[in-house]
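Before I ask anything, here is the structure I am working with.
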Amino acid sequence: MIKTPAKMLLIFIDQTDTWQNRPLHEAIVRLLEQNGIAGATVLSGIMGYGIHRRIHRRGLLGVSDDKPLTIAAIDSEDKLRNVLPAVRPMVREGLIGLTDFEVIP
Amino acid sequence: MIKTPAKMLLIFIDQTDTWQNRPLHEAIVRLLEQNGIAGATVLSGIMGYGIHRRIHRRGLLGVSDDKPLTIAAIDSEDKLRNVLPAVRPMVREGLIGLTDFEVIP
Amino acid sequence: MIKTPAKMLLIFIDQTDTWQNRPLHEAIVRLLEQNGIAGATVLSGIMGYGIHRRIHRRGLLGVSDDKPLTIAAIDSEDKLRNVLPAVRPMVREGLIGLTDFEVIP
């Protein structure tokens, strides 16, 4: 059971981002799973840009060639906030946020 | 027109999940459409884990090999809550929730 | 820095939608980037239907054959609302909305 209030954690990164020589999205999903976060899904994107990338790297249309990924993770607000200090430093060029999420049991 | 307040229904399942011998995501999209829900999109994922899968099936990194899917459906809160009793039993191993959604007309 | 309150703008369109002879999702991402919106990601879908499509075009299961796309953009509520008058007329058959988003700095 997920305690209320629940939240959805959203993390916007790139497929080519790495953490300690492995894909960043795999490292984050593993961290979430090891911390007992109830569920996580990595959605695949085809195009995007972010805060830092806009400045550092520009391809066609000012948009990076990298494929973006979005990680969505669901659990109680408490559990998600507890894992944020570990996740936040892994995401050096991406965007992280929380949205309300009412779990339907 | 979508009546306010509107909501977004999010459903996290697997590409291999089935319902009555057909893909679960197709069955859910069809159900939503038949119930007049204004719009639905099935987003494709590359990796993920969920509450039950973590216990029952483990691949590399404790993560299932199945591709996850996320269904996002938008309509008034009333219409979405009315369809939940039909959708909920179809999602045996996934996670379902509602978030606020302000439709821009 | 993204000013609070932040929001997530979600736009549900089709991969085949166009705007001035180019893909609509590219035109929207370019517009968001030119208006200084902090980040945007185009997520790829495999199936979906929308308000107008349900009436105009029906394939198997009453569902269009087009691949849906979902654009997620993050910034302060002010900046996103300021760009809406330019984005709204570009999305003739899709759905646009805003959700709360607490940026984790």
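Think of it as A, B and C in the order they're written, each chain with its own count starting at 1.
Note that in this section contacts are C-beta pairs under 8 Å (C-beta built on N, C-alpha and C of every residue); 3 or more make two chains touch, one makes a residue touch a chain.
Worth saying up front: this structure is predicted, and the values here are computed from it rather than measured.
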{"item": "Equivalent-chain rotation between subunit B and subunit A, CA atoms, steps of 5 degrees", "value": "120"}
{"item": "Same-site or different-site touching of subunit B by its copy subunit C, using the half cut", "value": "different"}
{"item": "Subunit B and subunit C, separation of their C-alpha mean positions in angstrom", "value": "19"}
{"item": "Per-residue multi-chain contacts in subunit C, two or more chains", "value": "43-44, 99-100"}
{"item": "Residues on subunit C engaged by subunit B in the complex (per definition of touch)", "value": "10, 12, 43-51, 54, 61-63, 68, 70, 84, 88, 95-100"}
{"item": "List of subunit A residues in touch with subunit B within their complex", "value": "6, 8, 25-26, 29-30, 33, 38-44, 69, 72, 74, 99-104"}
